[in-house]
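Written out below as structure tokens is the structure these notes cover.
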């Protein structure tokens, strides 16, 4: 994305400015968007689905929009259609009260009539490269060529403090705590299982199986239990994925995907569960396997 | 022997198993405790921030995002008029702006600038030097945060050159020289932010805004009236302005912005609750199944169903209670770690916390643990009360 | 044949039928008997003849399918489970083949247990528990846990426990079943002592040395008494 000027708070794009206007209108001046059919053939505007619903408007209605928070100098537009805003995780909790205008209409609406340059001023130009892997080089090249503008790749930016990176680290921390808790549970279950099979282990030893053989048996059982549990867990997660997404999509009125069980996540879960299960079963059975055989079979 | 003592002995009898149950509850309990801290932590922290300096009401000229709001005209007179209301202790107009200050690097640093229109209440705490004064000679004094002072290698008495950032295009106004009066802590600072506070005169010179304009007026209500009365009085006196208390701000944030943390904390609390119930249920059920003969014998010698059920319930209560107690310090330690992760979100004030302890968390936690103990004991209690005495004794003889 | 004292237990036409997958099984058929105060009765018979089932019914551990059971003249058939538990706690002492001592309690605590449940004050029950352990010859092992006792010693503790609340009736189900002969003899001697001290004793046993010590031996087969030993 090619961005002009300063990147700080005040230098927002014209489109967002209009969004802000409409949000401002939405909260402060409910009557500012009015249906008024006096002007012949007003220019077209697209409203987000959410804006149409919030203002009880429909396609074909004529509305007035103003580039001034006070509502001065409104201009009429006809709602030509509605659209679903691109899901934006950053703004998931915000009401997507947005509109899309043709650029000349936007410039006319928001420009300063006393400033002739306003008609030709933009805050951002989005560029799609033929080879996206050249984005960084392109940004460097154009920053050097045109010093007055800022050029940056939209895929870059600080990763450490990127909100999604932070939330991802948070989720991973929670996941690791959950895995530890699950490991304790698994160990408890394995201890119970081992206890129940005390006599079985004793009998196996009595009939001649070595400790190593018994441990191998225990390892295998632990792997099977943990693997089966993990597969069941992944299947359960995949089934409930739809429920979570449906709930949050309803809650935030968005088409964002909140939960996705990818093959990588599934494999990782199984890869963590199986060694944990094997370790738990060995730990739980260790003392038993090393006990005197007769004490195991004696009641 | 009473049921509690009996239950304690039963747990000691299988010490390893009981220890595992306690550790499992401690781990799950710690996570649950943290989720309770998170569920309202951010709201509590934001509330504390908002209330930090006694301002409990905010006045704007219009609603909407900051970039689209109208300024309050004749803000100084408006603030004086509001201060005269019997419900209001003080009213201070603020402007929020941006400036640039040039360090040794070739790129100037951005500074968040708060301009205040009165010299009474503040939203910062001076730790070195002195605060802004109302004297004419000190009109271009500023107070900076530690980070800016370190960045500029400056301190009280040092001068800085400032250039305003008043719009999207670079400012053509000449820079002005300001004098650092003091260094202060600003509660809303994020970790990397460079912050400066000044009087209106500095921002007037930097950006040539109409005199007397302010972005908001912060109001402190009188203790005997409270913020709600102050809001009502201001709304009545100036219905053209948008007035809301900190409570209303919090309520709006809760509705719009903070629900993600509440939802994730609810979901995880449910998961940990379920985990705890399942773990203790399994442990107790296996324990009961392994001593059916004993239980039948106790029933045979005269122990009632209720007594046997009480024993099981006390076992559950002991496991969950001990594990739950151990979970509290563990949860507090974990919350420090988790809080540090979330506080690295960009723009989060350094004094803001996501995991905040309130006494109600302990009560809620105790209530949930009680639910776990009760829930986990239901099935094993049912087992012991439904146990056929004679049939069990017969089976024990046969086996 | 009943004793000269009023019966502690009266059973009339007791049937106990168990529903089984292959069809109902009558473990007890028209069993009628009485046990008088201080009487020593042995119930003998082959395995599966219903001896233990009869003991369970007499001890209010199991409920008869039909018939009448009275304990100290009181019809127990209509009692609630809680009332039956109370009855067992206060009036009946049980001794099991497998002892069923609680492994996490000492011998003394095992004997105290029924008294505590009956609400006896701590000092009183402690005193009585020590007395009972002395009575059975284990006063010096009061602080030992079951894992530290031999089979015979565990059974002695079990007998002491059965005596804890001064029951009028002791029911013993194969009390020497897991013991060697010599130990069994010693246990049998204890039952003699109990009987001599006035407690009614009903023992289910395979062991002839126990059976021959009883005042009356009732033989069972297929859920009935045989040899004309009916009340």
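To keep things simple, chains are lettered A, B and C as they appear, and every chain counts its residues starting from 1.
To be clear about the criterion, a contact is a pair of C-beta atoms (placed from the backbone, for glycine too) under 8 Å apart; a residue touches a chain by one contact, two chains touch by 3 or more.
In this text, all values refer to a predicted model and were calculated from it rather than measured experimentally.
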Neighbouring chains common to subunit B and subunit C, by label: none
Label of the chain whose CA centroid is most distant from the centroid of subunit A: C
Per-chain CA centroid nearest to the all-protein CA mean: B
Rounded Å distance between subunit B and subunit C, as computed from the means of their C-alpha atoms: 66
Subunit A-subunit B separation of Cα centroids, rounded to whole Å: 23
Intercentroid distance (Cα basis), subunit C paired with subunit A, Å: 70
Contacts with 2+ other chains: residues of subunit C: none
In the complex with subunit A, residue positions of subunit B that touch it: 16-17, 20-21, 23-24, 27-28, 30-31, 62-70, 98, 110, 165-170, 242, 256-257, 259-260, 263, 268, 271-272, 275, 278-279, 282-283, 286, 290, 334, 337-338, 341-342, 344-346
Subunit A - residues contacting subunit B, complex: 4-6, 8-12, 17, 20-21, 23-24, 27-28, 69-70, 92-94, 123, 160-163, 166-167, 169-170, 173-174, 177-178, 180-182, 184-185, 187-189, 191-192, 195-196, 248, 251
Touch list for subunit B against partner subunit C, complex: 1-2, 9-10, 12-13, 293-294, 296-307, 389-390, 393-394, 396-397
Touching residues on subunit C, where the partner in the complex is subunit B: 52-53, 56, 59, 61-62, 81-82, 85-90, 92-94, 96-98, 100, 102-105, 109, 112-114, 116-118, 161-162, 165, 173-174
